[in-house]
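Chains here go by letter, A, B, C and D, matching the order in which they are written, and residues are numbered from 1 within each.
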Amino acid sequence: MTEAFPRLGRRLRLGLLGGGPGSFIGPMHRAAARLDGRFDLIAGVLSSNAEKGRAAAAALGIAAYPSAAAMCAAEPTLDAVAVMTPNHCHIAECRAALGAGLHVVCDKPLTNTLAEARELASLAAERKRVFCLTHAYSAYPMIRQMKAMVAAGTLGELRAVQVEYLQAGMSQRVENGPLTAKLRWKLDTAQSGPSLVLGDIGTHADQLLRFVVGRPITRIATDLGALVPGRTVHDWCSCLLRMEGGLRGTLNVSQALAGAENVITLRVFGERGHLEWSHARSNFLTHAPHGEPVRTLSRGGPGMLPPAARLVRIPAGHPEGLLEAFANLYRDAAEAMAAAILGVAPDPAALEFPTARDGVAGLAFLEAAIASQAAGGAWTDVAS
Amino acid sequence: MTEAFPRLGRRLRLGLLGGGPGSFIGPMHRAAARLDGRFDLIAGVLSSNAEKGRAAAAALGIAAYPSAAAMCAAEPTLDAVAVMTPNHCHIAECRAALGAGLHVVCDKPLTNTLAEARELASLAAERKRVFCLTHAYSAYPMIRQMKAMVAAGTLGELRAVQVEYLQAGMSQRVENGPLTAKLRWKLDTAQSGPSLVLGDIGTHADQLLRFVVGRPITRIATDLGALVPGRTVHDWCSCLLRMEGGLRGTLNVSQALAGAENVITLRVFGERGHLEWSHARSNFLTHAPHGEPVRTLSRGGPGMLPPAARLVRIPAGHPEGLLEAFANLYRDAAEAMAAAILGVAPDPAALEFPTARDGVAGLAFLEAAIASQAAGGAWTDVAS
Amino acid sequence: MTEAFPRLGRRLRLGLLGGGPGSFIGPMHRAAARLDGRFDLIAGVLSSNAEKGRAAAAALGIAAYPSAAAMCAAEPTLDAVAVMTPNHCHIAECRAALGAGLHVVCDKPLTNTLAEARELASLAAERKRVFCLTHAYSAYPMIRQMKAMVAAGTLGELRAVQVEYLQAGMSQRVENGPLTAKLRWKLDTAQSGPSLVLGDIGTHADQLLRFVVGRPITRIATDLGALVPGRTVHDWCSCLLRMEGGLRGTLNVSQALAGAENVITLRVFGERGHLEWSHARSNFLTHAPHGEPVRTLSRGGPGMLPPAARLVRIPAGHPEGLLEAFANLYRDAAEAMAAAILGVAPDPAALEFPTARDGVAGLAFLEAAIASQAAGGAWTDVAS
Amino acid sequence: MTEAFPRLGRRLRLGLLGGGPGSFIGPMHRAAARLDGRFDLIAGVLSSNAEKGRAAAAALGIAAYPSAAAMCAAEPTLDAVAVMTPNHCHIAECRAALGAGLHVVCDKPLTNTLAEARELASLAAERKRVFCLTHAYSAYPMIRQMKAMVAAGTLGELRAVQVEYLQAGMSQRVENGPLTAKLRWKLDTAQSGPSLVLGDIGTHADQLLRFVVGRPITRIATDLGALVPGRTVHDWCSCLLRMEGGLRGTLNVSQALAGAENVITLRVFGERGHLEWSHARSNFLTHAPHGEPVRTLSRGGPGMLPPAARLVRIPAGHPEGLLEAFANLYRDAAEAMAAAILGVAPDPAALEFPTARDGVAGLAFLEAAIASQAAGGAWTDVAS
């Protein structure tokens, strides 16, 4: 399959929404967008404070605007925007961008409500715009390998799944201390959404699980709340779950586990063995086949299947990190955008990146978790 | 504190119930009983088949009996029995032994019902007999260290707990194949109890968690059933749980996870960090203090607290295994037995071994899990 | 300290020598050069085949030249060149670039002889040009942390050192098969230098050890040769060594160890403990203090010293890889180049990157290893 | 093959030499001797101080003697002695025991000189007595597996070997402090032998390497000395080596590496991959086959070859430790002793335990290392 992007003959022009001073995710998006030479950064709304926004834009050598609408209006050559503002801003910014005919790369969670998420997914579909949601963990080569092995039937019939995402960022009583701007919006559910932990990392766990297993989560029973005394936002959610076909599993996420250093673990069990991936060893994948010694697959080493192999940038034994995973999303989104611009078919291998539909699934999961908790932990359907 | 055992001036005389040919746990009990020179093996009922029982006893150089009752009657010098028969036999054998005034070491699960468990606990208390339940994982030095660190407040106020016990033994459709004697009783709920996975390993997970945290589990919501299609016994249980004081947690056990090699992981999170122990690295304990680098404590190395240090047999860097953990139970049970025989106080440090009361707690957990499942996964109180 | 680079007000203009089609290191250099927005790629000599070179340049959107000399002559605005051609080409290309007043980033080994290396080091010094030698492993944050901890006296007086670099690339009789272009020059000592394994990876091990310990290697006794029967180039070197002050150690490198996936391990032992870093876990550093539990430092986590902290790009728990290490060299070289252009002092923190002097030390090590081997493994001084 | 031991119809009667109060290795020998029910401990010389020896013997319930000669004379029913006295005592005690017709289990190093080692090997051969030298690491099941895989040609033609044994016990200036009895004899070369580090752990590394590879070490070039300033005994030895057939390798041992917790690592590389075993994960073996994912074999899990499988006591996932390895030596030595007593052939599978001939090889290695060092590190033949 030939790729569409090279036929475009130019880089895509990207506007930035958010990710200004103090942001960790802003530099990540920018470096990822540029890594493969498929995007030029053109303009940005880098701060809600106009002056700070101008200074940040100047430092990046891009044009500054006070709002998404203003940028879209003033920069007619833009191809796409990248959205990395606080959660509650996504809906209006994505509406504006899609309305202006732009493609979108948007950080997660897509929105703060399922209804909003559905609106954006519909809008992207109607306008035939590319919408890439940056669940970057799903773009690690060894996650793609895990998905491909599951799809290839390596494990036989699936039996159970487990996913966890554990952080320490909210393990202390940060509410008492001086609040950073970031903490201020995180602790305000009007901005961060109805469930902090689910918006921040629960949607990652949900997406990673669905992505690798290739099925929706259909029902959940949850224990959702706060571990830290006096806290009014959620920092813990454990779920019992069913995926399509009755597949059993668990999902555990928390931001209040002191000493937990961004722990993400995904296990998929089948009749013929299991696969396990953990974030601390992101370049490896453990395969425990029934009746044989455990194997450790290495990114770029023997046994790579095509969906993983196409994302391997450097030889096995040379570590890659999160930046490359993020860049994989941007590269593939660029392929889809170029195809849309040219009116040709994109390389189908590039179409594994998460989209607005994953955002819808994530908000459906989030709202079902809240509903289950409200019903005393009762098993609750996840909207499809 | 002086120990009572040396003052006894002799070894304890032990009768064996079960653990004959083909058993893995039989040789483990016997080696553990003898390791510290505190027990002599005297007699045994080693098989329900009398001939096999005699042959097995002869091979061990001990007297053979057809039943617990017969052995207790014919061997008046016995101090104690060790019970390692199939689950459903425990109640009658322990009744017989306690009735004969003997101390008991019994494998888990204590019995198949909570009522039976309570009966044995009451009987042991009434008769003032030592009753050691061999949840051997709780006797690994690094589990004792974990418990001691939690008790010492190393983690501050506790926030959440997680325990899992995952096995592969039932991952295949063993029901279809030729059934071993062991499988036959395991698959018969009249013998193995109302929930195979909970009896076999759920009680281990329950005990390990309660032991380390030092609190009872008060409420659970469970997803209990079979992963393998067509299976009529339980091979999966995932639980949301609360411990005393509202402490949140999860417990996951399964025997049907292909490639899972007796995986046991226990994590305790507190405001100041967390502790994690996993069976595959049983000689180590991970301590992740908030705001400091992660530390790996090594059995016998720096930082051992007294309850762990007293069980360290060889220097750090020289691995110990499950045998020593099992033997720790026997050694401490011998101390309690010697004290009872002499009518003196035992070394209080020796009294951490699990007892019939742990068996009661285990069965209460098991029955609550079944009740929760029957109620659609509803939160259910665990009887105290 | 203010950095000079921002005051330059523009990106540095970089010409590329080598790294064309089929190269792994070419894309790595280019991505690293661009990652921090300090270099624009302007022109290149990307293949010894002119047509291929033009096509490769076109694909990168840069100007193509047939030779370093031609490029330097035709592109007067170039600030620097990046050299990633086969080893034997470095000397002429670096001469040309330095002669044209350009700064240089050069891949290792610097040259194929100590005399040539000295010539380049002298030339760079005379011309006051920045010369960055891309021993990228030395730019991993946790290697900088290790160096900083050693320098801070964390280990007390040093006692011994160990470094190894093990690869599998030459483990098979590749000489018999169809030779790639890369293999062809590697197997030709006229191109790859007098000792393949020492040029390819021995110089990395030598530099990494000297860098972290902060002392020169003074004497070595070597076992140098080929593991694969019939091979005429070196694929194995094990050394006993002394560093300044009599510090003992070992260095082992091989490219013929089947199954070894770019294994690099560095250990430094002192009176108060030791530090260990291994490439497979490049985001971590093990610190084993005498009499305390082992600590695992995590990149970006607690305990980072300033020389490491300044290179941390994303929070702990989010993996970085080799690309960021490579980019750290380019970023710091850019600082030094900007300072030279502006005639101001560079940020001293940026001056840890390897230079032509490291290349001299590497070739001195290589020639001493060959001399030791020629003398039957006798202890041999390493030229300073 | 039937075993001889069961036909003996009784336990072997063992006398103990050394291992009294304060010893770590004494309790290990005793527990190992008893674990499989093949030895009864009868008598002992447990201290050079007669009173302490009597008290220690009483605590064990065995007869006390002032000397090996006295014990051998007074206990005519003894079958064997176990020697765990300081190194310099071995020669006389083993002479006495063999002279009295007893079988011997002896701790390493066999003696302090090669001549003495040869004398004992000859004496054992002449008298046709079993002589088991307790290099217990060679009796870990996964070491046996490693040896069996090498012998089966899993790696193809061998290419290189690496062994290391690193400890911290002598990392501090213990010479300055109050000397324990153990330290006193260790620091006295008249008692501990001409090279402390080589006697203590170098002989272990030498034996483990020869055992697994199945070939003698033929030549070495060494760097032998003391890392700790002012120390007069050796605490460091690094060696370049050749095994039979020209196989290259390295051996590194030290007792003065702070923070090193009894680190033993053995790697064997061949044309088709490599095997690696490390002590901290003694229940596992890493197999890196060329061109396939790395495999982790687990003790008792899939892939066990017969020489390893016969030593597996409990299922995979249940850790075994050093005690079982030690006991494996005693069990197999008992088989050989029983066969000798009965005048029948022993089970050949039992004959892998180290013997006095390994002690000879170990002392030959030690003396060659000293000779190499004396010759400025020159390559030196190891006597066969």
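By our rule, contacts are C-beta pairs under 8 Å (C-beta built on N, C-alpha and C of every residue); 3 or more make two chains touch, one makes a residue touch a chain.
A quick note: this is a predicted structure, and the numbers were derived from the prediction, not measured.
Trainee: Measuring centre to centre with C-alpha atoms, which chain is farthest from chain B?
Mentor: Of all chains, C has its centre farthest from that of chain B.
Trainee: Go through A-C and A-B and name the pair with more C-beta contacts between its chains.
Mentor: A-B
Trainee: Counting in whole Å, what is the centre-to-centre distance of chain A and chain D, each centre being its mean C-alpha position?
Mentor: 55
Trainee: Find the geometric centre of each of chain A and chain B from their Cα atoms only, then give the gap between the two centres in Å, rounded to an integer.
Mentor: 43
Trainee: Taking the mean of the CA coordinates per chain, how far is chain A from chain C in Å?
Mentor: So the centroids are 35 Å from each other.
Trainee: Which residues of chain A are in contact with two or more other chains?
Mentor: 261, 294, 298, 301
Trainee: Which residues of chain C touch chain D in the complex?
Mentor: 155, 157, 159-160, 162, 168, 171-172, 221, 223, 225, 227-229, 236, 238, 240, 248, 250, 252, 254, 256-261, 269-274, 288-290, 294, 376-379
Trainee: Spell out the part of chain A that touches chain D in their complex, as residue ranges.
Mentor: Residues of chain A touching chain D: 287, 291-298, 301-303.
Trainee: Taking the complex as given, what residues does chain B use to touch chain D?
Mentor: Going by the criterion above, the answer is residues 24, 27-28, 31, 34-35, 37, 60, 167, 261-263, 279-283, 298, 301, 313-324.
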